[in-house]
Amino acid sequence: MGGAWAQSGVTLSGIADSAVRHVRNEDLGGVTSLVSGSNATSRFIFRGTEDLGGGLSAGFHLESGVALDTGANTTANTLFDRRATLSLASKQAGELRLGRDYVPSYTNWVRFDPFSHVGVAASANFVSATPVGPIKSSFGASPNTTTRTSNAVQWLMPAGWGGLEGGLMWASDENGTAANGQHKVKGARLGYAAGPLVVSGALTRTENNLTTAGHFDDRVIAALYDFGMVRVSLALRRFEQADARQNNVLLGAWIPVGNGEIKASLQRVSFSGSVGAASLDDNHARQLGLGYVHNLSKRTALYGTLSHISNSGALAYAISGGASGLAAGGSSRGVEFGMRHNF
Amino acid sequence: MGGAWAQSGVTLSGIADSAVRHVRNEDLGGVTSLVSGSNATSRFIFRGTEDLGGGLSAGFHLESGVALDTGANTTANTLFDRRATLSLASKQAGELRLGRDYVPSYTNWVRFDPFSHVGVAASANFVSATPVGPIKSSFGASPNTTTRTSNAVQWLMPAGWGGLEGGLMWASDENGTAANGQHKVKGARLGYAAGPLVVSGALTRTENNLTTAGHFDDRVIAALYDFGMVRVSLALRRFEQADARQNNVLLGAWIPVGNGEIKASLQRVSFSGSVGAASLDDNHARQLGLGYVHNLSKRTALYGTLSHISNSGALAYAISGGASGLAAGGSSRGVEFGMRHNF
Amino acid sequence: MGGAWAQSGVTLSGIADSAVRHVRNEDLGGVTSLVSGSNATSRFIFRGTEDLGGGLSAGFHLESGVALDTGANTTANTLFDRRATLSLASKQAGELRLGRDYVPSYTNWVRFDPFSHVGVAASANFVSATPVGPIKSSFGASPNTTTRTSNAVQWLMPAGWGGLEGGLMWASDENGTAANGQHKVKGARLGYAAGPLVVSGALTRTENNLTTAGHFDDRVIAALYDFGMVRVSLALRRFEQADARQNNVLLGAWIPVGNGEIKASLQRVSFSGSVGAASLDDNHARQLGLGYVHNLSKRTALYGTLSHISNSGALAYAISGGASGLAAGGSSRGVEFGMRHNF
């Protein structure tokens, strides 16, 4: 139809990001690999907006994750796994958005992570592959909603409400099953940005056929302050299901240096409560990440990152890309050098 | 190669369409869901044509279905499931088209359905998931050819043959099996359009390893007349395999109203003949669809649609998106509100 | 991000190529089919480069194979199966390229095959589906590296080093298994082009968990001379694993004729050595290919190709698209007529 409309507008854009990574898991030796998306996830995007007049606009956004190391789709049979949305937006009343998108608690979290949830020092290292606790009992092997959900209806606040920002999300389980990745989702986010300060909170509540004892709650509160010489963030996230709780705390810093930026994060995860008769206490882990990003242009950067995870209790969190089989309480170290190119 | 050719031409275009749907199947309660493509199937298209001089042109068309609610591919591992064709066209002699495309009987049918075979009031509701009759016995769980076929060679009539239109299609089974979706196809379509009148007929004949007793025939004859205040269509379709026949009759209407259009369709399906010793008589169903499309611009529209199906005999046709398990002879009701955006 | 950068650059291009093919395998009758990519593999490409100043540039290349006859992805769940790379290039020092790409020995081979490794007369007919010898014992059903590898780091020589060309490739097995297509790869290519002469050699060495007895070596040496009225090539390729060797010899010719080109190739494959106690001697096959490509424009061509394979010993190489079950020592004949369109 594109050719038929004089005002037709669609943009093809994306990010190509690849790095060489070395990960050494305790007692398991080192593994070197080529990885994709360590500064920003590799992707391509089809998107556009149309001005409908009177402050109204229509828009769509189709975003596909790409594994730049292998050419593979990042999600089998879901081309637009990162985002697939259709929007009707009003400058006064905000945006109504339909489709697959980030949940409010993820949106609220990722902004405060200097490593944007990706790479060796990703805060994602303490989210996925959880060996104990609420994520495992709420989702098992099903797609969890700590990042995205399909089938969502959202309302997003317009710009210019006195520094307020945020929105509401709702998704039906469509009579489906957790194995299909279907679930009820209700979520909300409310933030405030003024000058150097950002404060923000969000909740995402998920129900599926594995959460019959209640629901899975994902709460985030976070703040960021830009001191000029350094930008500092603090973010708290709690995953909760029945009597089990996982608590993530992130302290982040960005330090501008010439054409580049030094980034650092310290993250701690701890568990509390229980799953059945098993107590989750005394399980905690810590990650320290340190990186430098050097901009070759506005679109292209080189980067290097170091990360170290130490576990205690039954935990065995590891940096992705290492040898499998890290023992409980073991440590994981990683380093990577890469390049990101926006197109 | 694109950059290397001065005349290089490829267009990226498509449709993003999403709706909130509620379906209530008799005795099974209601299900609310987010759906994709209820006014027009969500898709993206790469296509282009090259003028070769002397009335000749080359062209290609790659079209991919998108589930806008989930980001999923509409067909696993077949990116260009909607169309993948290469053409050599002459203004005088017509177009030779190679690849995956609509079969003639579908092309002939969809034009006369006010709901374009999609949404709660889709005429597709009486085609797919047939519990009895020729479609089931000819294709089982294999991809059927009531919409498209792969591996086709087509000739399409040029414009300007005194209002005539149509073409011929042929596809080899390539020594394959029905389970692979491979089959022999022969089809033809011939229509006539003059002023407010369109009349048209088509036949698609399919043979595969499940139609050893003969072949599967899909015949359509249809007419449309534009009275100005209302456009009215009548279409008859018969699926036939061995002694089993399915007959679909569609009466459609389009009524322009300001920036929008009211659409209505009444469809009836009935079966006759037998499968083995089992008679198919006394199985019929009826669907009434009513909708309104409001254009916000040439590219963007809001729409709402109502639909009601009543079954009798062994039939249990239901609107997609409801709870499964509708009993034979039960009814299905649906409503949806959505938005379509062409890009 | 595209819209956000003034210099943003991404090109969508590709090739649409389809043909009608008839293959007759000895004693098995003929099969007619529609095929994709017989002159050049059907594909689409997203790619771009950015000038970083000082002779430096960044670039990416995402290339996806398309089955134009069916719309299918050519590799399930690997959208960019043909190439997915990110590059940092210097006019003086060459290009550092990360990602999925051709291995050096393939790059070195395909250039000397008049049929570019595709179609009824493809030199690929003697590579894939090997019934005996090193490819089978090194890769089994796993993806082999005679064409491409994922996870590669490459250095490619810059233009202008006195006619020299080539590069180095390295890929980690990432602690993976052959079944995952993961393997160590080391490769190198060195060529020299001056006026009408090209000479070139390459080696690709692969290790995976099926090559514990050693490694799989893929060596190519080749030359090409352009006499004006005819361009002639000679290429030798050896696959070697433990005591098994496969030797391919290709003699090629291109003869310009008006707006078109006649192409011919004679290829012979022979085996030597042994797999375990079984000798591979006395297994050989021969393929003769003859074709004509007629250019309708710079972007579009029609073509026709003939091919004949004769096997001896245990070999049963056949042209793709025929009936399966060719007996050892049997012959295979094929013909196809098609069209290629660059966009």
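The first chain written gets the first letter, and so on, giving A, B and C; residue counts start at 1 in each chain.
As a convention for this text, a contact is a pair of C-beta atoms (placed from the backbone, for glycine too) under 8 Å apart; a residue touches a chain by one contact, two chains touch by 3 or more.
All figures in this text were calculated on a predicted structure; none of them were measured in a lab.
J.: Based on which chains touch which, is the overall arrangement a line, ring, star, complete graph, or other?
T.: complete
J.: For the copies subunit A and subunit B, give the interface type as same if over half of its residue numbers appear on both sides, and as different if under half do.
T.: Counting which numbers both chains contribute, under half are shared, so the two copies meet through different residues.
J.: Taking the mean of the C-alpha atoms as each chain's centre, how many Å separate subunit A from subunit B?
T.: Distance between chain centres: 39 Å.
J.: Note the residues in subunit B that touch 2 or more other chains, in rising order.
T.: Residues 12, 77, 79 of subunit B each touch two or more of the other chains.
J.: Name, in rising order, each residue of subunit A that touches subunit B in their complex.
T.: Residues of subunit A touching subunit B: 1-3, 5, 7-10, 12, 46, 48, 50, 52, 56, 58-60, 62, 77-86, 88, 98-100, 150-153, 171-172, 174-175.
J.: Using the touch rule from the top, collect the residues of subunit B that touch subunit A in their complex.
T.: Interface residues on the subunit B side: 11-20, 31-34, 44-45, 64, 66-73, 76-77, 79, 296-300, 302, 321, 323-324, 339, 341-343.
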